[in-house]
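You will see subunit A twice below: alongside subunit B first, and alongside subunit C after that.
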Partner chain A sequence: MAKVKGDIIVDIEKCKGCEVCIDACPTHTIEMSEKVNGKGYHFMQNVHDACTGCTNCAIVCPDGVITVYRIKV
Partner chain B sequence: MGKELRLMKGNEAFAEAVIRAGADGYFGYPITPQSEVMEYLMAEKPYERTGMVVLQAESEIASINMLYGGAACGKKVLTSSSSPGISLMQEGISYLAGSELPCIIMDAMRGGPGLGTIQPGQADYFQLTKGGGHGDYRLIVIAPASVQEMYDFADIGFELAFKYRTPVIVLTDGAIGQMMEKVYIGNQKPRLTEEEIREKYPWATLGKTPDRERNIITSLDLDPYRQERHNLKLQKKFKEIEENEVRYEEINCEDADYVIVAYGTSARISQKAMDIGREKGHKIGLFRPITLWPFPKKEIMEMSKNVKGILTVEMSAGQMVEDVRLNSTEKTPVEHYGRMGGVIPTPNEIVDVIENLFVKG
Partner chain C sequence: MSDTITKEQIFKPENIVYKKTDLMTDNVLSYCPGCGHGTTHRILMEVIDEMGLQSETIGIAPVGCSVLAYDFMNVDMQQAAHGRAPALATAIKRLLPNKTVFSYQGDGDLAAIGTAETIHACNRGENFTTIFINNGIYGMTGGQMAPTTLEGMKSSTSPYGREWHAMGHPLKMTELVARLPGTYYVTRQAVHTPAAVRKAKKAIRKAIELQQQKVGMTFVEVVSNCNSGWKMTPVNANKWMVENMFPFYPLGDIKVDGKLVKEV
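And then the complex of A and B:
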């Protein structure tokens, strides 16, 4: 079976830093950024390569900030 | 309750609600976490829908004084801001209360003091229920705990404001402002025409007509005796509000041994804590003041007679707890639990506190 690798794209300006996605990520790929967006919120970001493309973060995100992409490797 | 159902942020629901309540003008200055109010109004263009004015003022001080002008003409006007912005507005709020002008001011509280954080807080309770500005005045303060209430309280706010000619504060925080929930949307109310305003609000300064004296709206009167009479009139009005406009919600208080008193976001978290506590076998109830001023004094007193302990949960160092202590029986212990600076307490934390304080003794 082909392995699936994932990646996320974050709409930084729409993120309000509620941190719901942090607990939803099974591989602890997401962390809050040190930087802030235009409104002053720390936004979420992908910190390492462990994303499996499970889309948990995108499902729980209340503002639809996250887009998940999957590739077969 | 209307039929149209939408998924909206609290701030957006409030903005849509004021358009539909027939507001005449919004004057604001952006500040996180309530910028969505103005963003929504700018995108929605109510000046094309109903003729409502939406204006970004140069500062919070300018916007509150624009409210003073708009309200003096009998128009439905409002502004919204967050804690530091509300502090800037205090002088204007005192003037509005002194001149008996109706308006809505929405405060999305954040962690303070100073610039603080942009995460939700509830530390502006004292500022808005006890004063904030100078002089003997009170403001009607209503605290929504859901996006639906953010919508509903806009119309109720205008009703109260015009009924008593007083500014009304909608006291919320970043959590309710930013969270998305379903909202039932009501029908559009028409804006009042100038003739209707003249008829409904004879005090409005819309231009003198030959059949009456000039309307003068001011908070200045250099004669101390006249100023005292004006103050007595205001106090009489506040008394009337205290008697008639108390709103609150009780959940599971009938058989409760321990009652959590909380408003806004804290009340939502406490409701979950209540459920967890009840599963563990503790009889916990929730008392949620909806109007923070007028505070539900009599109801708290009645409730306190039948319980073994009261815990107030606030996102502050303990502000509402003082009002609860003042208005409950001496034999009932009243304790406080709060997180500050923008940290939101979790339901399990609250249950632990109740267990440690009351259940274990």
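And then the complex of A and C:
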């Protein structure tokens, strides 16, 4: 059982859908959305709860749209 | 137990482990999706934030894609004429020697039109930090060949690939300035993976710390992608960069504490 649990909040309107974060995620928690944002980009989103709050996605995000939360359980 | 954790319990301000630094403004970046400029802006501002230097920092924006850097970096900024950022940074640093000064330049600015300013500022050992974004192409104007374009690399003005008989050899600006006595710390980094970003951030922090010790020029090159100019998706552009750019522009420190650590 995971000892930490993480989650992310994405600033959807600022995401440009570059997909750089997808490869950076070690737990394959994030995927591109089918929907698009106001500018027509597919945005990234959290699809299941395997997130460990490692911050990798937020660190590589060129637009800094990801805020990472983490708690110990 | 983890099943019982709800989103409300996680999304609390005290649980934040990473958020965009306040030194980046809330303006939407003008860069293409996946461009390394955004990441480099952010790690530079994180370093300034962590060192508590927001009010003590003056940045120089170049001409090129990052001409609007002053819209995104929440520090004092000045925008220089094309290629003249080192000259402006020299003036600011000499007039206000206690301020932290950095120039942020792309390869069209630093390695093409501003070659003279760059080389002379490095040779004089001016005491500021240069951040050099190298994507091997003129990104802003539509992907034309730059001095840093690789041999055989296609661009809109070298559609059959760069061929040195007609177009010259690619210029390794960072190795060039590392040989000058005025530079103290010269390194080449990248921002395509989390590990590379962390390393690049450490290098920028080291450069800013060295600047405060007044040791001379500190020079950080960041090899970046230009997915629009290279006509690739961001992920493929990063792969292409690893396969083609890094063999010619190898990552790592070139000059540390005023001594060359790599054959150049």
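The definition used in the following text is that the second predicted complex is superposed on the first by the 71 of 73 C-alpha atoms of A that agree within 3 Å, B and C clash if a C-alpha of one lies under 4 Å from a C-alpha of the other, contacts with A are read in each partner's own complex, and residues count from 1 in each chain.
Just so we're on the same page, a contact is a pair of C-beta atoms (placed from the backbone, for glycine too) under 8 Å apart; a residue touches a chain by one contact, two chains touch by 3 or more.
Being a predicted model, the structure only gives us computed values, none of them experimental.
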item: Partner chain in contact with A:Cys18 - subunit B first, subunit C second, else both or neither; value: both
item: Touched partner set for A:Ala50, first subunit B, second subunit C, both or neither; value: neither
item: Touched subunit A residues, subunit B compared with subunit C; value: C
item: Partner chain in contact with A:Lys5 - subunit B first, subunit C second, else both or neither; value: second
item: Which superposed partner A:Met32 touches (first subunit B, second subunit C, both, neither); value: neither
item: Touching partner for A:Tyr69 - first (subunit B), second (subunit C), both, neither; value: second
item: Which of subunit B and subunit C A:Tyr41 touches, first, second, both or neither; value: both
item: Overlapping contact positions on subunit A, where the subunit C interface meets the subunit B interface; value: 16-18, 41, 62-63
item: Subunit B partner contacts - residues on subunit A that touch it in the complex; value: 16-18, 39-41, 62-63
item: Touching residues on subunit A, where the partner in the complex is subunit C; value: 1-2, 5-7, 9, 14, 16-20, 22-24, 41, 53, 55-56, 58-71, 73
item: Interfacial residue positions of subunit B with respect to subunit A in the complex; value: 32-33, 35, 118-119, 178-180
item: Residues on subunit C engaged by subunit A in the complex (per definition of touch); value: 1-2, 5, 7, 9-12, 15-21, 24, 28-29, 31-39, 42, 191-194, 197-198, 227, 233-235, 238
